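Here come two complexes built around chain A, the first alongside chain B, the second alongside chain C.
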Partner chain A sequence: MSFVEIRGFGKAYGATPVFADVELDVAEGEMCILLGPSGCGKTTLLRAVAGLARPDRGRLVIAGRDVTAASPEARGVAMVFQHYALFPNMTVRQNLAFGLQQKRLPRARIAEKVDAALALMELAPRADARPAELSGGQKQRVALARALVLEPRLLLLDEPLSALDAQIRKRLRDELKRLQRETGFTAILVTHDQEEALVLGDQVAVMNAGRIVQAGPAREVYDRPATRFVAGFIGDFNLLEPDAVRRVFGEQADHAWAIHPEAIDLLPTAAEHGGLTAEASVIDVRIHGPVLRYLVSANGTELKVDVLNRSSIAARCPGDTVRLRLDRAQVREVA
Partner chain B sequence: MPRRALLLWAAPFLLAVLGFEALPVLSVLAGSFVHGGEWSLGNYAALLSSRFYRGAFATSVNVSLLTSAIGLGIGLPLSLALHRRSAPVQRRFLTLFNVASNFVGVPLALAFTILAGVNGVVTLLLVRSGLVQDFNIYSLQGLMLVYAYFQVPFAVLVLFPSLGALTPDLAEQARLMGASRLTFWRRIGLPVLAPSLVGSFILLFANAMGTYATAYALIGGGANLVTIRIGELVAGDVFTDPNLANALAVLLVLALLLPILVDQLLLRRRA
Partner chain C sequence: MPEPSGSLADRLLIGVVSLLLLLPVLAVVVSALATDWYSGLVPSGLTLQWFARVLAEPAFQAALARSLFVAAGSVVLQVLVTVPAILVAHCYLPWLDRWMERLMVLPYALPQVVLVVGLLGLYAGGPLPLTGTPWILLLGYLPLAFPLLYLPMKNNLRALRVQELLDAGHLLGAGDLVIARRVILPCVAPGLAVGLSMVFALSFAEFVFANLLVGGNFQTLAVYLFGQRTKIGQVTAVIVVIYFAAMWLSTLAALSMLRRRPI
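This part shows the complex of A and B:
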């Protein structure tokens, strides 16, 4: 039995469904990512798990207890809101202590737990600061510490990194992963950022138009997208319709082909080769840090090709003719 | 742009401030120190030693404090309720409150006389239904009712923008952490709103203290309010003493400045 079981969850506002037929299992100690575009219903689903939104249908079990009808505070969940929801009139220490005070813990025990949480998140020097005096990254760490200090059965995170700039976002993403490894908390995190989902998620559930269209280990979702939507949303796939497949690679296909940009090799035109090949000309080349992203055209079809950015490899220029090579096993057929 | 050119551009504004703000205040201030044709503190001495004028201050302050409390007491829940509605509903009601808060003076007094005067529609209905024995709008209680008419919408107008600080996720977060509604308001809601509540109260207090036409139109000279005493001393039927009125006006300004200064000090300490 899973630690968190969502069965047949559905919710609609009037005639407009927000999410429907949601089935999800989260194992204990697992970080499950709800990934999807804006407006796909992922935040409302998270709020329904928290008890802040009431689903019209379905059942929710957390740690073996049916909490479908339970009030938010009786579910044993903690939540980190997108904009942190730190109490502005309280210091960092008071923010952390607030939830423990509601549990009526002895004062000494509260101080002990708060100090431990401050140390874990390296917040001790800012313990007496108010939220307005903190940077975005610090606010995020306080929000996380305030949730973790309650030792919740389930931690819910609503786009916790989206309000931060790129640098801090990356650092906190790694920190969140380290924290989860060390403390072993079970979490459901909502994001629209596929990179964040792949880095953080033990399990990734991709949502579209209120439904979970694919759920599984991050690697599996990345390698084997089940639908063309997943292929388009995760991994930046090249999506070739059957007639494009025929034009580029001369193959017959029943369904569209989804091909990762890094699955295609760029070779000199005279190179020896095996597998599927095609002639192409380079349209554009962009530097994405460790990766070079080529945009090439093969028989009128544009393809993205990623190549490791090594100084030993001479970069090709727009207008160059190249040979594309693709291992057939790398192709995913999507309906 | 050079400094001189900047000053030239600002000249119309500076002239307006000088002519319509600074000079009248300075003239009132200077006049307040002229007593019997000589410079002296005589006006202030006369005012502070007079039970009549001290009484006017006491009545003005009492009416203003009470109607500010009523305004805030009704205005806060109203603002909170309005804050939860959609933007179009908010806009419609804010327009309505804007109109109501500016519906003062003779028209307001007349409206209340028709509705709640001795032979007013509402008074007659209430008396005939046996709910009240009699109700006299031309009293201090009546005046407070009329003041409440513009104080409540004014309170909503000044409080509403500050409610943005109380985002819904704060209440949700507190709830998830096990706090009751009462705990949320005691520990988070009211402390977060406190600076704007104090600021709004001071604005309401100033609004009530400065009200003249509404009170005069309703009760006439019989209401012993500071503004009515000033009016009488400037343009009264029996006798006038503009410099005594100046001193009274200066004391009124001081009574308004004091709470504003205290509020600023509190805000600075909190920051």
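This part shows the complex of A and C:
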């Protein structure tokens, strides 16, 4: 039995369904990522888990207790909102203390817990600032601290990093992972950033149009996309229809092929090889930090190919002719 | 107030405009202090005797007390009725909020006499016979004062993501009332302070309703002033100065409330 069990969740606003038949299991101490395009119902699903929106159908169990009808504060759930939702009239310290005060904890106990949370999130120097005086990353940390200080059984995070610029985003992402390792909280995190999903997720659930189309360990979702949509959304696949497969590799295929850009090798034309091969010409090269991304054209079909950016490898230029090599085992057939 | 900009022409313009705006006020103040000011550019002497005389007048004292009562009562009524109504409409009933926005100017679009006739009809008999009592004034000022509170409060409310604040509060274990008291109200305090000081000023100085709805039964300062208009000029000047002082004090009170709660 999982720590969080979502069974047959469904919700509609009027005639338009927002999500339907959602089934999701999250193990204790696991970080589950909800990944999906804008408007697919991620926020609404999260709000339903928190008890802020009532699902029309379905059951929710947290820590062995059916909380489908429980009020938000009775679920032991905390949430970090997309726009932080900090109380603008209160200082950082007051924001963190608010939830503990509602629990009627003794004053000294509250101060103790707040101080610990401030220290954990490295917010102590800004403890008496108001949200308007904080940077985006600091606000984000306050929102996280306000949620964690209640020691929730389940932490919900709605695109916690999306409002931040790339640098801080990466740093906070690592910090979040570290916090989870240290405190061991169970979390469901919403994002539409596939890299974030893969880095943070123990489990990744891909959503589309109100349904979970695939859920599983991050590695598995990345390696074995179940549908064309997942392949398109995660990992930047090359998607080849059966007739393109025939033209490029001369193979007969029943379904479309999804091929990771890093699964294809670029070889000199004369090299020895096994596996599937094709002639191609380089259209473009881009440096993506540690990898070089080639755009090549093989028999009229464009393919993305990633190669490790090592100085020992001579870069090829647009117009060069190359040989593509592909291990048949790297190919995923998607319906 | 915007910073006066560097250019000499700008400063000159601001100086002239300020002078034009201040001149009548100064004239009234000087007039209230003048021994007499029938001929010449300046009065022949200054005295506090008019102040002493007006302040000692029992009819004046009673009118001042009545006006203060109406102004304070109006503020209390707005806090009890209008403020919760605006908050509830903003947080839970967007359709009502839209109607409030549309209908708010109505009391200003109609001639005041029409409103007076309507109010007299409404409160003549029925469940609330209030004609001739000060209560009809308080209720009459309710719609007049509504936009004075609505506009500045909405300004503050629009800057908040109220739904998210409510959600966040609920998850932290607070009910709507606790969130309203500890988060939403403090956040709209600046607008509330401005609105209430305007409500105070309006109810303190309003004449048409006061004269036509209660008139002689409950003579407010404005009605008393109107009665004094044919008497000595310095007396009316003194009353007007007292008006200014009251407005100024209520504005100061509002501003100090703003300073106390920086957001």
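Note that in this section the second predicted complex is superposed on the first by the 335 of 335 C-alpha atoms of A that agree within 3 Å, B and C clash if a C-alpha of one lies under 4 Å from a C-alpha of the other, contacts with A are read in each partner's own complex, and residues count from 1 in each chain.
Operating definition for what follows: a residue touches a chain if its C-beta (ideal position, glycine included) is under 8 Å from a C-beta of that chain, and two chains touch if they have at least 3 such contacts.
From a predicted model like this one, the values you see are computed outputs, not experimental measurements.
S.K.: Overlaying the two complexes on chain A, which is it for chain B and chain C: clash or fit?
M.R.: clash
S.K.: Under the stated touch criterion, which partner chain does A:A50 make contact with: chain B (first), chain C (second), both, or neither?
M.R.: both
S.K.: Between chain B (first) and chain C (second), which, if any, makes contact with A:A70: first, second, both or neither?
M.R.: Touch status of A:A70: no partner.
S.K.: Does chain A have more residues touched by chain B or by chain C?
M.R.: Residues of chain A touched, chain B against chain C: more for C.
S.K.: Let me test your reading of the model: by the given contact rule, A:V61 touches which partner, first (chain B), second (chain C), both or neither?
M.R.: After superposition on chain A, A:V61 lies in contact with neither partner.
S.K.: Could you tell me if A:G99 is touching chain B, chain C, both of them or neither one (first, second, both, neither)?
M.R.: Both: A:G99 reaches chain B and chain C.
S.K.: Counting only touches as set out at the top, which of chain B and chain C does A:A78 meet: first, second, both, neither?
M.R.: Both partners, chain B and chain C.
S.K.: Touching chain B in one complex and chain C in the other: list those residues of chain A.
M.R.: 50-52, 72-73, 77-79, 81, 83, 85, 87-90, 98-99, 102-103, 150
S.K.: Which part of chain A faces chain C closely enough to touch in the complex?
M.R.: Residues 47, 50-52, 71-73, 77-79, 81, 83, 85-90, 98-99, 102-103, 130, 132, 146, 150 of chain A touch chain C in their complex.
S.K.: Considering the complex alone, what residue numbers of chain A touch chain B?
M.R.: Listed in rising order, the residues are 50-52, 72-73, 77-79, 81, 83, 85, 87-90, 98-99, 102-103, 150.
S.K.: Quick check on the complex: what are the chain B residues that touch chain A?
M.R.: Per the stated touch rule, the residues are 165, 167, 169-170, 172-179, 183, 187-188, 191-192.
S.K.: For chain C, which residues are in contact with chain A within the complex?
M.R.: 160-161, 164-165, 167-174, 178, 182-183, 186-187, 261, 263
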